[in-house]
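Heads up, the next two complexes both have chain A, just with different partners, chain B and then chain C.
After this line comes the complex of A and B, so read on.
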């Protein structure tokens, strides 16, 4: 499951039996969650609202600390000295939901340079890192001196993502990066995530409620329910279990549900398709086969 | 209920370098009638004028040209403002921006308090509204403890409590997960059927038009298409140029059509897809080379 294109399979970050609960609340939010992320992987994190996705993501860059278990970065326990949390945050970039609400500097370039200078880059280095990140998200030099407030909603979100990319994280975590975008902007966002991985070899963890996006983009899916990790497998494998995913509250891609419906009505669909192109091939075969058989 | 004739709306835009203001036409001659009790879905890409149109329906904006009549009242007439707003309630995309009360019931009562309704009547209406949207057990909760879907249903409850005859919703499900989205859609259809409320729903999601009696597509500030979902969604070539979120089964059915399988249009839901597939499959199983289109 952990094989990566390019032959490298180094483990970047590991969650080792991570549990978490708030001191005054009896409910456990995460229970013994264990998984690892290798360099260059594109992983989907799914689960119903309240399943612990956001809490888990905060563990991965040290905004919250496990109450039991460990987070390891390149094999080092991030909870023990001499490990510094700043190190974890440099490697793991977190883009929250609606990140455009966090833009605060006077110009797009300054905003992008804030992260790197916080990590100790010189002003010139920080601006250079910001320029590279802005160009990666598709905001050219003409945006540099504009106020973030003058940008469109979609551009603001890209500027906010560039601010995290400027720190050159090895793992980029995005919580619903396409929420509230119109379909064209959403499509561009998913293309951008693939480009970031292709150009920088960045591992990506995408938190999403859209099972269609998860099926189209990711190599591997982590499914959470009630703070437990219930699945860690390829999207094709995870979405075969339609009933289980519906119980989990995430559902499956629409086309997978349609194929399951056909199965229920007696059509022998061999393996449930998870994308439109898989589905078209699968259904065409079924319709043609039948014709020849009789 | 709604009668719009030749509506034009222009926004002034100031270029960043401080030059002369330029006018951008958001609505470019919209003509539209919505009857009492209809469920209308308005679809369109960003910048097509959907939200601007919605804002004219309860006088958040006034026409630059043309006229908007709500229940026989002209929105350009200052004295009619509050009567029109009593008639048309509005729900926006982000529930966090429209919740102000410290408890659920307080928030739901806000519109009634602003209208000077008597306390006893407020209590009764809040009770009824929270029951309608399925939040009666959470009346003492702080809205911050609600999930996204619950917050959006609370926003709708606050509008419903004022008993408008029409509710306009501007992408109310854009920020919600699929489960919450389904809850909100179910609620809107219930309000339409049981309370005979006119519903104008603005959305990016084609699938939310399932069950609507009428679909309107906006493009470049004009009404580009207007008809039943069956009629409008049959013109997929046209829809694809509008960057709408096309359901996976719609895309798959279309590609299978192109490969010679006569899927009838439109296919929007899993169930419709399965039925179309089975219809074609069974014809072929009977050895019929030619599969007729669904009549």
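After this line comes the complex of A and C, so read on.
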């Protein structure tokens, strides 16, 4: 059913000049947004509040339909019959902010099986899919029969993510999955996302206000402002434009801002580092050169 | 769908009705409804309707809002009409099995339908022209006499105000939950009744959990700001009667006896 496996660059999902506005409201929320996501990519979506991130994400899994433009899944137009929206939801999993608020079944396992059984899986298949997803997020068999409401906040969030993973999406979209978690849990969340991609080859779209997380995890960054796609490039490229990103309201990683400040004070930083390890390498080179000159 | 909820549908406009004290409007609505119950002849209801339409006109609430209020009770009215017309005692004009259409029944049916419609229209005008907060304020003031009998009027008013305040919040929350469950493959748009019923827990259970969490948070936040429930809160905008309110009370005072006198007059004539 899938199109020919054309190597790494095969497009999983494409947004083709997608525009969106609510009826009766003159303001357009998305304007001619075009990009594509290939299999196995880890993409960051950034933008100030109200820039259209959530609306864009809802387009990708069919909760909202574009008012103009198309969303293509494996090259098929999702807006045209006989394409069914359920098909899009099966391929694109969406984890909303504070996903733990959607848990409702009696046990963690049953809640995980809710998604697959909505897609038509038999109860046994659904439970099996839920079990696999739970172990992927690190919730062992001892969690299966507990009520989701008696878990800790971090565990609840993992259980909710497992509920979406159990549907075996090819693209997993997460809206601020680390919001409100402590630093250690936040770190574990990012490791988990990398694991999901490594084990299942799932493409991941991470919506986040933490430029550090974006810099640490993603291969590509989409930057939205006022409903327009302003950048679509690697994070190291996007975060070079410190002034522009600050205007956008997203800023850059703190370490990048620090390097930019050094550059402004006359120290020649060749290329701005975006992660701590890059910064260590960059500063080490600079310091050694400095010693050498003396 | 949820936006058509019957409570808290305030229509913002500048009018002399909007600016009246909520107590005045509450009294007017109460008197209007009580007179509806005392009226004997259906023709008098036309007079009440005329008075009500005049008020709608003065308050700048568009007439389509009038119909919107009626839409929810069409079934109730239809049921009342049929039940009253066919199951009332009296001489049958037409009958079929258990069904007996009587003159008495027809009169009763028309009267009841008119009475219910007018009640709804009157109460709607009150909610169109008064914000829930004003309404709660007005009720609190009007009931403050009951404090002497140890009725916790302040607490009740606060509870009502908070309940109103949370309607849009919960409305938004339902939207978020519907999206979240739709993303997990629930199809809220299609399906027959049993399937629709099976989807309800996926919304209601998380909503309950969230309501409990929110109320606990709110209680803590209120306590942190010194609310103890013992001393009554002062008002940012204390209610004040103005000249317009005095005129309104005068009109109410004239309206009720006038309508009832006319009603008795019509009843005597026919």
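In this section, the second predicted complex is superposed on the first by the 286 of 294 C-alpha atoms of A that agree within 3 Å, B and C clash if a C-alpha of one lies under 4 Å from a C-alpha of the other, contacts with A are read in each partner's own complex, and residues count from 1 in each chain.
As a convention for this text, a contact is a pair of C-beta atoms (placed from the backbone, for glycine too) under 8 Å apart; a residue touches a chain by one contact, two chains touch by 3 or more.
All values reported here derive from a predicted model rather than from experimental measurement.
Residue contacts after overlaying the shared chain place A:255 against chain B, while chain C stays out of touching range.
More residues of chain A are touched by B (comparison of chain B with chain C).
By the document's definition of touching, of the two partners only chain C reaches A:58; chain B does not. In the superposition on chain A, contact is made by A:163 with chain C only, not with chain B. By the touch criterion stated above, A:118 is placed in contact with chain C alone, chain B being left untouched. Contacts of A:49 after superposition: chain B is touched, whereas chain C is not reached. By the touch criterion defined above, A:184 lies against chain B but remains apart from chain C after alignment on the C-alpha atoms of chain A. Contact residues of chain A toward chain C in the complex are 58, 61, 63, 86, 89-90, 93-96, 99, 101-104, 114-116, 118-119, 149, 163-164, 167.
For chain A in complex with chain B, the touching residues are 48-50, 146, 150, 179-180, 182-186, 209-210, 212, 249, 251, 253-255, 257-258, 261-262, 265, 267, 276, 279-280, 283-284, 286-287, 290-291, 294. By the touch criterion given at the top, residues 176-177, 179-187, 201-202, 205-206, 209-210 of chain C touch chain A in their complex. For chain B in complex with chain A, the touching residues are 16, 45-46, 93, 147-149, 171, 174-175, 177-180, 204, 243-245, 247-249, 251-252, 255-256, 259, 261, 270-271, 273-274, 277-278, 280-281, 284-285, 287.
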